[in-house]
Amino acid sequence: MIELAGVSKVFPTASGERVLALHDANLSVKAGEFICVVGASGCGKTTLLRLIAGLESPSTGTIKVNNAIQTGPSEKIGIVFQDPTLLPWRTVMDNVMLPIQVLKLDARRFRDRAKELLAIVGLDGFANKYPHELSGGMRQRVAIARALVHDPAMLLMDEPFGALDAMTRDQLNLELLDIWAKTRKTVLLITHSITESVFLADRVVVMSPRPGRVVEEIAIELPRPRTLDMINSDAFGAYVRHIRGRLTNVPAAQLQVAS
Amino acid sequence: MIELAGVSKVFPTASGERVLALHDANLSVKAGEFICVVGASGCGKTTLLRLIAGLESPSTGTIKVNNAIQTGPSEKIGIVFQDPTLLPWRTVMDNVMLPIQVLKLDARRFRDRAKELLAIVGLDGFANKYPHELSGGMRQRVAIARALVHDPAMLLMDEPFGALDAMTRDQLNLELLDIWAKTRKTVLLITHSITESVFLADRVVVMSPRPGRVVEEIAIELPRPRTLDMINSDAFGAYVRHIRGRLTNVPAAQLQVAS
Amino acid sequence: ARAEKLVFSPTTTDISVGHAAHSSIPITTKCWVNEGLDIDVVGIQGSTAGVQQVSAKNVAFTTVGAEGVMMARAKGARIKAVYTYARSTIYRAVALKSSGITKTEDLKGKTLGVIAMSTGAVPYGRQMLKAAKIDPDKDVQWLPIGEGGQAALGLKRGDVAAWFAWDTAVAALKTQGLEFVDIKPPYHDALIGNVVAVHEDFLATHKQEIPKLLRCIAKATIFGLTNAEKTIKMHWQVYPNTRPTGDEAEAMKKSLLVYESRFAGYQVPAGVKWGENLASQWNETAKLMKEENLLPADFDPSTSYTNEFIEEANKFDAKAVEDEARK
Amino acid sequence: MTVQASDAIVAIDARQVAARPRPWLHWLDRSTSVLFAIAVLAYWEFHVWYFEVEALLLPPPSKIVVALWYGLESGLFLKHLGITVYRALSGFVIATALGIALGALISQFRFFERTVYPWVVALQTVPKIAIAPLILVWCGYGSTSKIFTAALVAFFPVLVNTITGLRSCEQSKRDLMRSLRAGRWLTFRIVELPNALPFIFAGLNVALVFSILGAIVGEFVGSKDGVGFLILDANYQLDIPRVFALLILLGLYGVICHAVLQFAQTKLVFWNEPAKVTNV
Amino acid sequence: MTVQASDAIVAIDARQVAARPRPWLHWLDRSTSVLFAIAVLAYWEFHVWYFEVEALLLPPPSKIVVALWYGLESGLFLKHLGITVYRALSGFVIATALGIALGALISQFRFFERTVYPWVVALQTVPKIAIAPLILVWCGYGSTSKIFTAALVAFFPVLVNTITGLRSCEQSKRDLMRSLRAGRWLTFRIVELPNALPFIFAGLNVALVFSILGAIVGEFVGSKDGVGFLILDANYQLDIPRVFALLILLGLYGVICHAVLQFAQTKLVFWNEPAKVTNV
């Protein structure tokens, strides 16, 4: 489904230096797989996601999606950006319906789905509110509903639950797993919570700090469907400790710049 | 230091309803205390913080800061907003130096302090970068450095570590406790991580979902200085479980609107 | 002591050869300088602006139509004419030769062009029609078509049958090869033309300077009337932009048309002094204005002008000027 | 939406809470503009009287009011004002449509930016009065030529603001649309245009005022009706109070238009949260 | 900043990576505007020749070029253009300073919004040509009156855009300043003004073009030099090719000014990330 081979990304900056955000990333994701990406802040996770989404082009290396070289975004991908990126002049409902409108799908049919999704993310009463009338976490949940509404085959999520409280987060984790189990989407989810990554993923991708590299891929062989009490199991704890170890062991290199 | 008595906050919305974001909140914070606030997404935490900061005025009730009725913001308060709110036309350093400039403090002296703070939040190489050249978590860290630079007596932080990975987060938790121990600031910190709240706070304030109310205040009587391995202690676990219980027990009421 | 700087404003921004007598000639012959005057010639768009400038005392002298002076006085402006330099009205009615129109009567039922509805050409035209028993409100249509190229086109395309304008504007079209017939009312020559006007306060305080300025205009008029080509070349020198494009002969031919359109009206009839204000002309013009409701019925035209400087202004040797011009 | 508030909560009325403490102060604030206008006019009258300014240059307000009254009473002013307003507003509407459309093309297609934009800028630098006679020849002597001039003058502010506004769209919003493979047109309609609205409104504000100038310039060049004609005519007759009366009428029209547009803006660009007035 | 990149990393050059694949296409793109201009002029020439358009109405480019050449060669055009440009730019600078200053006052103080703003709008609706004689009376017949007219015309777009821009500042940025008890002036300087820059630049773009119009209107009313004077003069002599030559000169000036301003904008408003051009 997704194939990254030797992908690097260099950003020019205003001060003239070039920042190497991603260095020689290799990754291969099978269709229907649930991948979580963890790594230090600023290590290039968002960059990786944007490259896969086709929103950024790699400086070197190749990205293949569905066995074809990635040349640009695809409407088959649903993205949750790190920022909610809602349109302030649209109500919550209209924001969620945006993909339906853009993809020219049947608005009436999908409106019910949008309502359902809003209910799932706990915003049933808020369909007619405007983004500036919502709290930070509520905005993020609108963005999640929007990414799901057109039922894309692939989901790219950049810290989708970052602004949510533990309870809501657990609940949405379960909902996401539920949706995934039913529709077998390919999911790539960036998270800062190691627990979350183990709980959700088939495979956790650990990235090193700058310049971002994939340092390890850990297959999580916990049974499915996953339940919240698995978190207290020994196997779970072992995964978490392993990943935490991988993350802390990597020496936090200085910023890599190519002058 | 901070005294809230019967504070409510009603927001008008575009659809004509009025949303009750905070209902009859009572809270009293002593000088030098470290308070953490937890609660479901959208329960009114940000509203509470903005009321205390003097950025919003209560619909009913009174707020006293330093024994005087709160009438507006004070420069003695450092705020980390839920959004980083950086000025895009300023470099990281100039963003951090903003309070110094506004408060007309000695720029030369504080520049060193700003550098130190940037080092603490792990951004030493980034002083001359612009916000759009940073990752989400990096931006949030700039905002933290900015809130600390003028050494305010009180800190109000709205999910300051929400966009950070577990490692960076742990490290910054320790740094914050260190600063707090040295300067004895009054701190009110909103977080979604129950663990974090127990780890940091003297007292954890638990809020109910809409309309937001303070349902319980839990004094955390763990010894100081706190260390990361305390997290695995039984006492710590008990606090976490207790708070989690309080959060899940509160029935998630429907949105409260006063038509 | 250096002479006071005095501004002389013709009320047009286009100081053509037609205006040479109060611009390029006295400048080139150094007449004003020799008289001890420091004169700055600045064109101003429109007679109203000219009158306003004189009222504000920014401008010492302005050249306006006599009717402008009278209307200004009727509105309380303290402005007086001191010298009539264009002996008869500058307004003209013309039709294309090809149109077959020759007299006022032919205009009945036609669409008539004017430069703008708010010009002296309109009352001139309305009176002319009335004199020929044509109702200017019912029997004809008025159409403001401006001047220059658009007027030429309006005439050529037949949008308008005739055009009511002023002399230099008509001349400008003649330079483009349009051939006109003039349609004149019988009283055309009885109407006064353009005058030099000053503020009453200025009149009182500059009794020395005014005749000196006027004398130079009188001398320059003789100069111009005597030698057209020399005048035109002098004017090109001072105002190079007024030289028409084309070779020397062609440019001269075009400039001559403009020259003649004005200078023809500068010649004084026998027995009349240079610049002398004639009561008959002022009265005739005032009558026309009153009939068009542009002046109150009780307006006394004789307050609008003074001949007190004419004697002084005519104290020069006309022969010597003619000789200089012929050199 | 379900309303499940307890009685206690319903009792909290945001409007009551935000009650104004001193109503007379509020009233004073509202009437500032009127009081200020009166003060300006009073000084004007005094100035003219005290410094004996010629009525030909600057008539006193009292005389202007008289002229205004006569003009209005006879119906002459309103008739001609109607004509001019019709021309100006027609020009404004055309300018708005054209400005937004061309602004969209220029901001979307490099080709238009390279080819059409320089010509538009050059055309704008050409003084309208200089080409007004040509416009007269092309569009005839009727209202069309005046509408054309009005549109020509009003067009540029709309265009420039539209282009700047469309370009000022944040990359994140564009990325959102790109991620859905939204075409140029959808991106424009759904994201860029609403995003540009504050800019466009600034342009419209300028355009609305300039459209009246354009119409009047057109009327100055060749017209027998409209406020421009009346001004020229009064000016020719040296009836300066009347000229000022007409100018004041135009000014009033401008202020009213401006107010209407401001109102429309607050309704349409509602999400651009207004600055909370703190301690004025 | 510490550079610790490995050799392999240094070798990655973003510029190399983003190499243009077909340089001739790039060249073609750059020269589009020139090619288009040539096409327009060619058609113009053909049109005039084919439809036998009166030279009075629309002279062919060939004749205009000849007129332009004569005017430039004699030095006449450049001398007068210099005068007009001086007036226009002076007016533009004054308009910019005044527009931003007054815009700041109006957006900051309710008092100014209530009192001064309506008068400004009303004043703008007044046709400049109608009050040009008055300006002449106040400012004299020298350059001052032309600079004044230029400033008057250019001022309004700057003002409106400044006000809109200052008001469009996000509440979150204002809150940041409020939380530091920053005074009005600091908030203005540190947050609102930079935030308003894209708007102000749009206003400046319009103002720059309109300042030249203002200067020319001033010159039309009373002047003995400047391009406005030359245009009137050529017009009077029915030397229409020369009129067009002068108009083209003005257009060129406008395009150059515009380009300079655009360049300044990209340098100053660097954080307004430009739209990534995808598939043009």
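Chains: A, B, C, D and E, in written order; residue numbering restarts at 1 for each.
Just so it is clear, a contact is a pair of C-beta atoms (placed from the backbone, for glycine too) under 8 Å apart; a residue touches a chain by one contact, two chains touch by 3 or more.
Everything numeric in this text was worked out from a predicted model, so none of it was measured.
Think of each touching pair as a link: the shortest run of links from chain B to chain C has 2 of them. Compared with chain B, the chain whose C-alpha mean position is the greatest distance off is C.
Centre-to-centre separation between chain D and chain E, using Cα means, comes to 19 Å.
We define each chain's centre as the mean of its Cα atoms; on that basis chain A and chain B are separated by 26 Å.
With centres set at the average Cα position, the gap from chain B to chain E is 47 Å. If each chain is reduced to the centroid of its CA atoms, chain C and chain E end up 40 Å from each other. Under the contact definition stated at the top, the residues of chain D that touch 2 or more other chains are 1-2, 57, 133-134, 137, 178, 220, 235, 270, 273, 278. Across the assembly, chain A contributes 11, 14, 72, 83, 125, 128, 130, 254-255, 257 as residues in contact with two or more other chains. In chain C, 46, 48, 52, 56, 148-149, 153 are the positions where the chain touches two or more neighbouring chains simultaneously.
Put simply, chain E touches chain C in their complex at residues 54, 56-57, 67, 70, 74, 76, 132-134, 136-137, 140-141, 220-224, 229-230, 232-242. By the touch criterion stated above, chain A contacts chain D in their complex at residues 50, 53, 55, 72-75, 77, 79, 81, 83, 85, 87-89, 98-99, 101-103, 125, 128, 130-132.
Remark: chain B residues 11, 13-15, 19, 38-42, 45-46, 82-83, 122, 125-126, 128-130, 133-138, 141, 159, 162-169, 192-194, 244, 247-248, 252, 254-255 touch chain A in the complex.
Per the touch definition, chain C reaches chain D in the complex via residues 46-48, 51-52, 55-56, 68, 71-72, 74-77, 116-120, 142-146, 148-150, 153, 159, 294. Of all residues in chain D, only 1-2, 172-173, 175-182, 186, 190-191, 194, 270-271, 273 touch chain A in the complex they form.
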